[in-house]
Amino acid sequence: MTVDLVNFARGPALKAAFIIFFIGVVWRLVNVLLLKHTRDLSEPRRGVAASLLGGLKAIGSRSWPHPEFIPRTGAGEALGYSYHIGLFIVILFFAPHVAFFGSFVGLHWPSLPNSVNTIISVITFTLLLAVLFRRVTHRVLRRLSNFDDYFSWFVVTLVIVTGLMATAHVGGPYPTVLGLHILSFDLLLIWFPLGKLMHAFYLFPTRAIDGYLLTRRGAPS
Amino acid sequence: MSTPAAELHANLAPEESAIASGERLAGAMRGFAREVGALSALRLESCIHCGICAEACHFYIATEDPKYTPILKVEPFKQVFKREASAFAPIYRWLGLKRDVTVAELEEWQHLLYESCNLCGRCSLICPMGIDVAALIEQARRGMFEAGLAPKELYEKAARQKRTGQPEETTEPYREKLLAIGRQFGVSIPLDAPQADVMLTVSRTDIEQYPKAVASLARVMAHLKVPCTFRSDGLIAENYGYYAGSRDWQRDISRRLIDQAIACQAKVLIVPECGHAYSALRWQAAELYGAPLPFKVRHITEYVADALDEGKLELRAADAGATAFHDPCMLVRKAGVMEAPRKIMRALGILPTEMTHHIGFDYCCGGGGGVVDIERAAKLRYRAMENKLREIDDTMARTFLTSCSDCRRTFDDAKRHFDWEKTPQSLLELVADHLQEQIR
Amino acid sequence: MPELDSQPTIGALLDRNGVSRRAFMKYCTAMASVLAMPPLAGRAMAEQLRAAHRPSVIYLSFQECTGCLESLTRSFAPSIESLIFNVISLDYDDTLMAAAGHQAEEARDQAMKANYGKYLLVVDGSVPTGEGGVYNCAAGRTALDILTDCARGAAAIVCVGTCSSFGGIPFANPNPTGARPVSDIIGDKPIINVSGCPPIPEVITGTLLQYVTLGRVPELDAHRRPTVFFGNTIHDRCYRRPFYDRGQFAKTFDDEGARSGWCLYELGCKGPTTYNACATVKWNDGVSFPIETGHPCLGCAEPNFWDAGSFYSPIPTPRWGKAGEVRPAEAAELAIGAAAAGAVIGAGSVLLAKHRTQRLQTPGQDSQQDSPKKEV
């Protein structure tokens, strides 16, 4: 019940996780980047500037489906985005998180009241459960899903669950549960470059390149 | 009682059937390895298994069978990439975390990659990560081709087209048929001129089934008084190498047209009413050729729209009523020829009734990507087509136009199968029938 | 010193010293309330105490600053005088007792012999074990030796202060004297840790009183601290908690927030992870406690509080920097270093990937020869 676990979690464990995270992320990105590139020698319909703009636009526009697709996919995408938004709010605007992340970058920003964070965390956790349920019951997702999908879900959910447990003083003395919460974040950092959480980085180049190539052709993106 | 193996071999060309299991696997690995690059790697790594691509694919929508999920179609390619060339590939191999692709899997995937995919590109548009899934499927087909698993109809057409320039053997070579069409419709067919500004090509489907479209092409070009020519050694616009998934044959087939265009010093090469022919030439040929093409590639609708814009062409109003335009995927959604058909329709005094909010989002006709050529795929194709027919009916348009001979062929086939009351009309034929003599 | 049983009872002593029964009852009720006992416990406590004989208490001081004893002498309830004269028989305390030298040591030995198995051993200060324990000696004997000896006949051991409970300040990095808490040295006696640097006076006296009244060791937490005093964190009882919940923090010691009495979390308060009674019992007879004066809690009742990071960095601050808390420059350096390593490894894996894909494209090469093929 001491702070020892907290000290370990935010000490050597965090350092190791931090190192693995950066090594892993850059490793994966570089591996993709340095494979062979093919130059597009075809006559473009739109110029380089317009295509670049199209690429940048796609980074944002692909976040939401085109109206033609919304009937079939709107609900699923909304579910996915909602828990992302919930996570971002709590991660960035809960006072202890502001202290944690702020100390890495030497910055400080205002936090939201605890009641707001608690409500959003609970909603986000519920959404995560819904998302898991969907993945396990939806015929396409059942067919597609592998260990990576389930473990990535688990790693993210563990962080939010231990966080809620710590705030609610459930599951053990507060310093111990807090230590587990920070350790679960360390686990998230370690798993990040190994699985599909990398999509947080990939989405930028993939959307941008797709937008660029399609705009270059004058095709819808 | 046919076994799966017998069924499979019945669907392969004899040369493909003869390939031994080990060779098949090595071929697949060879084909996939060749397609691994920064762009395909990025796309394969980006997939988050969200399953949204399935919601755009009309094969999934029609059957609700998850095996038709687009990204799942490239699973063998993805598996090989992850095992051989991804960041952690050595660790995957050492710990046995990613297994080798097997011949059984490749054989199972033939149906998914060739018969249940039109390469229509809807999945690419819906993917929230921005993955061009259709492009990955094209690349996966290349692995399948090397494995000797391309469907026989596509393989044989590709082989013959690479060898002779014609996808099918005909009693009369197409050159002769072309001239015959000219005589039949009373239009001159410029052929094998040593030099011309514009080189014309012809769609094999048009020659076989819609000769009026061929005549319309010649008529419009004659009306425009542009120095143009067909070339006997580079006649056919379609590219079965592209459909079959053979990189080399696709290149060789495109090469034929490129060489002929260079030979007659053409500044523009015109692709007639065909979708993938345009895509293959405009967007893929240069890379396979290894250099930028020394001429422009234009679809006939683009050429006509440009002529309208430049005041070189005038059209009489057509009495068509509410008219919808079916976007050939390979022309519109994937290749960007979005406005040209609409411009032409408006010049004909027709107000286009759009099927979707945005141009290029409607369903594929169901025949693209070579699917209409594969006999075995017909049953599935009809199921998927129900979506398209409903989409056209929902516009309440009386007629509908399109600008791709294979789409036309597919719709005519559906008309017979479903006893559907609509008939696809050719935009080019409509143009040719309403040419206005310009008063100088 | 004669055996205690022939000594007068506590009740007799109280009467002799002119403490009325009424006054004593009031005192017991107050104490029972502090100990969170049920309402009628006060009466039971008074009766039990009156009939009891004062237990013998041996108080040993080792590697300490005397702060714990100073705290004890500031107790208001019971006052130290009342405690010494009425409730316990403090037979040895080298700071407070009048005797010195051999007489003092003899007095202790006699008390231990006379009350063998029944006396309460109270210890403050950590026990050095380095170099055979020479860093703390009295009367030519090491603290280690004295402790081991005195513990043998004790009924229980009460460790007063964080030093004897957990090692405290001498235990902090690099611990040059090899300081250890009492519980690391004595394993066969019940131990009560009353931690704090120093502990609250009433917590010390209340624990002793609880022991005398109950005649046994009270309910303890995982660190052997009485739960009645150490059962909640400062954070859970802090009067500034509403400000924490609303997100109103003092950012410096002199800003608007500090002057308005806002939460001190961002100034490094360790309240959330510290178990003690400071927020409820408070100090100086309930006048105030550190947070109320505007200073963040140091976490002094917890093990390793000195090595747990800067007093002025908030709890979540990452702690793998050279000087403890991570500076942004350090974090950036590590990130860039790791990224560079990742880039190099990535370049390596790409070369491998290119090599493998090249081999696969060469006809006749069977790449499956060197990897296990798992047929499905």
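The letters A, B and C name the chains in turn, as written, and every chain counts its residues from 1.
What we mean here is this: a residue touches a chain if its C-beta (ideal position, glycine included) is under 8 Å from a C-beta of that chain, and two chains touch if they have at least 3 such contacts.
Not measured: the values here are computed from a predicted model.
*Asks:* Out of B-C and A-B, which chain pair has the most contact pairs?
*Replies:* Spelling it out, more C-beta pairs touch across A-B than across the other pair.
*Asks:* Looking at mean CA positions, which chain is nearest the middle of everything shown?
*Replies:* Located nearest the centre of all protein C-alpha atoms is chain A.
*Asks:* If you average the CA atoms of subunit A and of subunit C, how far apart do the two points sit, in angstrom?
*Replies:* 41
*Asks:* Could you work out how far the Cα centre of subunit B sits from that of subunit C, in whole Å?
*Replies:* Comparing mean C-alpha positions, subunit C is 78 Å from subunit B.
*Asks:* Quick one: subunit A and subunit B, Cα centre-to-centre, how many Å?
*Replies:* 37
*Asks:* Which residues belonging to subunit A are in contact with no fewer than two other chains?
*Replies:* Residues 27-28, 30-31, 33-36 of subunit A touch two or more partner chains.
*Asks:* Multi-chain contacts in subunit C: which residues touch at least two other chains?
*Replies:* Residues 346, 349, 353-354 of subunit C each touch two or more of the other chains.
*Asks:* Please output the residue numbers of subunit B that touch at least 2 other chains, ranges allowed.
*Replies:* 36, 85-88
*Asks:* Can you list the subunit A residues touching subunit C in their complex?
*Replies:* Residue positions touching the partner: 1-4, 6-7, 10-12, 14-15, 18-31, 33-36, 95-97, 99-100, 103-106, 108, 110-115, 169, 173-175, 178, 182.
*Asks:* Please output the residues of subunit B touching subunit A within their complex, sorted ascending.
*Replies:* Spelled out, the residues of subunit B in touch with subunit A are 36-39, 41-43, 45-52, 54-56, 60-61, 64, 66-67, 69, 71-72, 85-88, 124-132, 282-287, 289-293, 296-297, 332-338, 356-361.
*Asks:* In the complex formed with subunit B, which residues of subunit C make contact?
*Replies:* Going through subunit C, the ones touching subunit B are 346, 349, 352-354, 356-358, 360-361, 363, 365-368, 371-376.
*Asks:* Inside the complex, what are the residues of subunit A that reach subunit B?
*Replies:* 27-28, 30-43, 45, 58, 62-63, 65-69, 72-73, 76-77, 80, 138-146, 148-149, 194, 196, 198-199, 202-203, 205-211, 213-214, 217-221
*Asks:* For the complex, which residues does subunit C have touching subunit A?
*Replies:* 221-223, 233, 235-236, 244-247, 249, 251, 265-266, 270, 272-273, 275, 299, 302-305, 307-309, 313-320, 325-328, 331, 334-335, 338-343, 345-347, 349-350, 353-354
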